[in-house]
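What follows is a set of structures for review.
Shared between the two complexes below is chain A, which has chain B as its partner in the first and chain C in the second.
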Partner chain A sequence: MIKYLMILIQTALLVGLAPLFVGVVRKFKAMLRGKKGTPLLQMYYDIWKLLQKGRIISVHASFITTLTPVISLVAIITASLFVPVFYVSPELGFTGDFILVIYLIAVIKFFNAHSGLDASSTFGGMGGSREMFISMLAEPAIFLGFVYIFLRSGELNLNSAAASLNTKLVLAPASIAAFFAFFIILIMENARIPIDNPETHLELTMVHEAMILEYSGRDLALIELASSVKLLVFSTLFVNLFVGGGIAASLNPGGLLVALVVYLLKILALAFILSVLEVWSAKYRVFRMPDVGAMAVTSMFVAIILLLVSRG
Partner chain B sequence: MKVLLDIGLLGFGVTIPISLLLAATKNSSAKLKVPAMLQLLAAILVLVGAIHVFLTNGQYSWNFDYLNMFPGVKFVMDRLAAFFVIIITLVVIPVSLYTTGYMKEYSRKYSLTYFSFFTSVFISTMLMVVLSQNIFFFLVAWELMSVSSYFLVVYENGKRPAVDAGSLYIIMTHLGALFLIVGFALLSYYGQSFDLEIIKTAVATIPHWVKNLIFVSLFVAFGSKAGLIPLHIWLPEAHPAAPSNVSALMSGVMLKVAAYGFIRLLFNVMGFSMMWWGVLVALIGAATALIGIIYAVTQKDIKRFLAFSSAENMGIIFATLGIAGILSRSGFAALSTMALAAALFHCINHAIYKSLLFLGAGNIIFATGVRNLDELGGLQKKLPRTAIWFFIGTAAISALPPLNGFMSEWAITLVIIKGIKAVTAPGIQMTLLITGTLLALTAGAAMYGFVTLYGIIFSGTPRTDYQKKLHPMEPVMERALAILAGLTLVVAILGNWFMSHLNTDFTFGNMPLLICAMLLITGLILYFTKRVNPTETVEVGETWACGFNNLNGQLQYTAKGFLQPFRRNYQLILRTEKKKQFDKHAFKKEKLTIEVSIVDFFEEGIYKPTIRLAEYVSGLISKIQFGYTQIYILYILIALVAVIVKVLRY
Partner chain C sequence: MTTGQWIDFLMGFILLITVVSTGFRRLHLMVRCLILQSTALSLVLALKAYAAGEPHLLIPAFLTFLIKGVAIPYVMFRVIVQLKIKRELETYVSVPLSMLCGGILVYIAFFATRVMAGELGVFGQHLPVAITSILIGIFMMVTRTTAISQMIGFLIIENGIFIAEMSTTGMDLLIEVGILFELLIGAIIMGIMLFNINKNFNTINTSKLTTLKE
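After this line comes the complex of A and B, so read on.
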């Protein structure tokens, strides 16, 4: 029974910690640029402020604009129910639940792209077309990522896979290639530099931001929260599946606490790497995205082939 | 239970002469509604019976022995046939309902009797194909199915494109039938019978090279009917040319009948004997899927888009069937059954949401008269119900949870992943990896394409002034769409339980629990945000257009623009041809015309050279035709002497 309570605790942690994660990334970026930066809790203040405000909906909008913010947040929270954070138990998932997680994230992309076209604005169409294009390029890499995880851990649900990968060596060549590939996938799916600039205010350079340009008030708060939870979900999957180690498999409080601390440290390190990448490089042209996607696919392919060769 | 099936099947048969008899009446409403309602009722009866057969793994058979006619002809409904009968009748029910409203537009110009007659023949012969145990009757029913659908494709015989599409269709389908005859002839020769059960026992005695030949013939036959490359060129012509309810039947059901034929003959009767068969089917299926969606996405015509997407999904189904063959050959029987179950599940899902999309396209064309994507826009305001059902259709085909498309994508992905680990031969692992990657790419591209389709047609504002001449909608057409949209959700919820009758590995976890969890979370979010801001104001304003206040429909993205990154990415396959023409006249303004068209790789690369080769060879042969009857008599004499000599020698 307590195991199922852990699902709620882990999900609440993911949803609650997500704005803080974004805040940490922004703080690191500011520090690297020699500035003081916004407060760590700024995103919480932003969401709270937006929730208090009224909404303006475009006269051309339809049910899609009304549904998208709630559906985005529901989809990502449902997905985070299956993601192992610091405690794993095989009963908390089911066979092939990682496919469900990825397709729930696809639901968010689907609805966001539609809401871009819905308001009859050029920027929405532009953002939607770029976002769909990039997500199409990331799909094969994600599929190969599933194959890699299954080959490496021998398990088909996220919890068991994380438990199994807990003890496997990270420095094997296959792991490094897969690490690199999934990192690229993380950036492509979450609209970070060099795929998309989350800080831009120039509409012509936007991808994700352009689709949600028309949202205000409560809608914008829900979408911003959903995006940050999505980033944290991907980061959690990354640190637990591709940089294994430190996850608790049993329910004793000491072990859980240690696992939680290890998780937070891993996430912190990832935040630092993300911010270094964001400060160091600029956004790529849209037509360079296929190259980035191909890099991810190739690295994953290499990882899989290395695994298959070493196994057989 | 058998009584239900008997009455239902008889009902389908009876519709054929009734629709002919109704030619006598002047009441066009009766001509349309009576056959359609008969088909609806018959379909419901047969559906119930088929579900019963499927769930209980029963078997019913019918024969004509009591009439002392057609000895040896047997119709059998076993579990596999029952599944496909379920698919057929499940689609026939909403399509019949739809027909009663949709055909009113055609009643003035074209004959309704023609339509009802050929539709009833079409549906009845499809059922006959699925139920046939006797391969001769299978062939007869197959031919009747092709011919009746040809007549439906050229229904609007006043329009040249429809007639041309029909000609291409009938030629391609007969090419397939030729290969079917070859395959069946070989099978019946070795089996010494026309009965599939008897042939099944004799299969072990067939020599290997003959088995390969049979496989190739049957694969070409069923593949061309299903729309696999390179024999798919009739699909994008025939499906758009037919009226939308016929397109739904052809795309949703007839293609599945081709898949049924493939499964029945290659898995059930022959047993997938060789590894290379599975590899070939898997790779061609995956290639069809990718090329299908690449061409789909570049179309401006709604129905051509949907037709190419049907080819894409049939590619997915055949790729999964190929994988099932590979796995069964490698000795993994349980995984192979799971792959087969996944392919079957995709069959029924595709039938549901493709029919939904085609009927929706029918609604759009009925209301606006426009088939070009880039002229539409903002239709959601005028056709809100069609918009919602069409939206659900595009969400289902993009494999979004919790709808049915997601369930079959989940199953197929899982089977491929398990297969890669299970199989040890490196070549086979590579095949599975490549197939899986291509299918993943297809899934991403399909979502991209269908977001465009709904978004450009229904969202935003009109791009031209087509909304000034809107035709009022018949409510029954929208109700038919609603039934299909509801089915996408119902099949997703029941799918687990239903498919577990085929293979117990197929458990998705708990779909109803998932849906409840999602609803609960939605409720929590809405409650919380309302608590935080009870006095929230919602205003309606104009869209932000960067400060300009003259936002109009022309500023929006067109389908071409939305898909431009995609087209640029796949330039290797989508060769474009640009023609520029600059006209300068003394007293008129200068005019520059640029025409960009996509060169169809298959038409230019494969079919046209083949046709040119055939013409060249015919030209060479025609040199012996001098035009004098005396010389032709000489040819006949020579041939006669040669035949007599040969016969006397042996």
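After this line comes the complex of A and C, so read on.
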């Protein structure tokens, strides 16, 4: 009973902390550029403001435009139910729930791309096609990542995998390659620089922003929240599965508190790395995306080969 | 972490750098990959010297770092600046395909050494990394058109031979010093020849050097 309560607490933590995570990344970026930056809670204020505004919907739009924001938020909250944050228990989750998480994220991408096309604006179509192109390049790497997790931890269940990877050495040779590959996947899936600029105002350089260009008001609030939760879900998967350690497996409160602090520190370090990368590089041209995707797939492939060899 | 685990970690890092460098097209990025690979190699040799208690192995380690990690890349950077070329414009194989081929070469190397897994020594498990380096160096030499990248491929082959020697037999100081100085002189000669080729033909694209007349 209390384990299900822990799932709810972890999901609420993911959904509640997601705008703060985006705020922390923006604050680090501003600090690195020598500016003061927006307040940390700015994204919460933005979402609150947008929730109170009215919507303007194009006359050419169909039901998909109004359906997409709701589906995005619901799908990502459902996906975050399966993600281990700071407490794992092998009874939670089911075999192969990683595939369910990936497919829920794919549902979000599908509906976003369609809603980009829905308003009959050219930018939406361009953003949708680029988004599909980029995620098509990242998909093989994600599934190879799933194979890697299974080979490394011996479990098909996200919670048990995190529990088993908790004690394994993170600096083994195979995990360097997998760390590198999943980091690239995180950037490709969540529209960060160097794949896509989340703060650009130039439509020709947008990918994700172009798909949601026509949204306003309540719809935009839901979509922004869904994007930030998606980033936090990927970050949590990254720090718990590819850089393991510090997860509590039992229910004692002291252990849980330590696990929560360790998780927050790991996420903070990841936010810093993301912001350094964003300040350091520029957005790549779209025809360089296959190169980045190939790098992710090859690194994950190398990681799997190294694992297979070291197991004998 | 024990020394053995650090050596395994560095070997995994070397493997990753070698495989990923098949996809790079900018010339100073490839030279930096070479620097990383050579530095990691010299660190591995130094750790081996520490673990096996043979301090005389520190000399080849230091020399490797000095020549392959500092001197040869310095020569190459100077050549790149003098020739004013930044990136490789045409290659025979596109970037994703060459990275994929790098991955397949890794698989071939590991598959081929699987059968001798039991007979190698303590560090014999690094032999597949050596064979991967050699194969990827050969791949780079074959599929690139700029003479500098072909030289970098050659140096990656030499690194692979170095790893193979390190992982199977003992290291002979005289042979090591001989090979390293030969590589240094080779790099300098390559720099001079590239400068001359560029002066005469105005290009260092080797695919254009096969015509007899202009």
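We take it that the second predicted complex is superposed on the first by the 312 of 312 C-alpha atoms of A that agree within 3 Å, B and C clash if a C-alpha of one lies under 4 Å from a C-alpha of the other, contacts with A are read in each partner's own complex, and residues count from 1 in each chain.
Methods note: a contact is a pair of C-beta atoms (placed from the backbone, for glycine too) under 8 Å apart; a residue touches a chain by one contact, two chains touch by 3 or more.
On a predicted model such as this, the values are computed, not experimentally measured, just so you know.
Novice: For A:306, select first, second, both or neither according to whether it touches chain B, chain C, the two together, or no partner.
Specialist: Only chain C is touched by A:306; chain B is not.
Novice: Once the structures are superposed on A, label A:277 by its partner contacts, choosing first (chain B), second (chain C), both or neither.
Specialist: Once the two structures are laid over each other on A, A:277 reaches no partner at all.
Novice: Considering only the touch criterion stated at the top, classify A:291 as touching first (chain B), second (chain C), both, or neither.
Specialist: second
Novice: Determine, under the contact definition given at the top, whether A:176 touches first (chain B), second (chain C), both, or neither.
Specialist: second
Novice: Scan A:9 for contacts with chain B and chain C and give back first, second, both or neither.
Specialist: Neither partner.
Novice: If I apply the document's touch criterion, which positions on chain A are contacted by chain B in one structure and by chain C in the other?
Specialist: Chain A residues touching both partners: 290, 297, 301, 308, 312.
Novice: Per the contact definition, I'd like the list of chain C residues that touch chain A in the complex.
Specialist: Answer in residue numbers: 1, 5, 8-9, 11-13, 15-16, 19-20, 23, 95-97, 99-100, 102-103, 106-107, 110, 114, 117, 125, 128.
Novice: Flag every residue of chain B that touches chain A in the complex, lowest number first.
Specialist: Counting only chain B, the residues touching chain A are 377-378, 380-381, 387-388, 391, 395, 398-401, 406, 409-410, 413-414, 417-418, 420-421, 424, 426, 429, 433, 436-441, 443-445, 447-448, 451-452, 454-456, 458-461, 507-510, 514, 517-518, 521-522, 525-526, 529, 532-533, 536-546, 551, 553, 555-557, 561-566, 568-569.
Novice: In the complex formed with chain B, which residues of chain A make contact?
Specialist: Chain A residues touching chain B: 48, 51-60, 62-64, 70, 73-75, 77-78, 81, 94-97, 99-100, 103-104, 106-107, 109-110, 113-114, 117-126, 128-130, 132-133, 135-140, 142-144, 146-147, 150-151, 154, 156, 203, 213-214, 217-218, 221-222, 286-287, 289-290, 297, 301, 304, 308, 312.
Novice: Please output the residues of chain A touching chain C within their complex, sorted ascending.
Specialist: Touch residues, chain A against chain C: 169, 171-174, 176-177, 180, 290-291, 293-295, 297-299, 301-302, 305-306, 308-310, 312.
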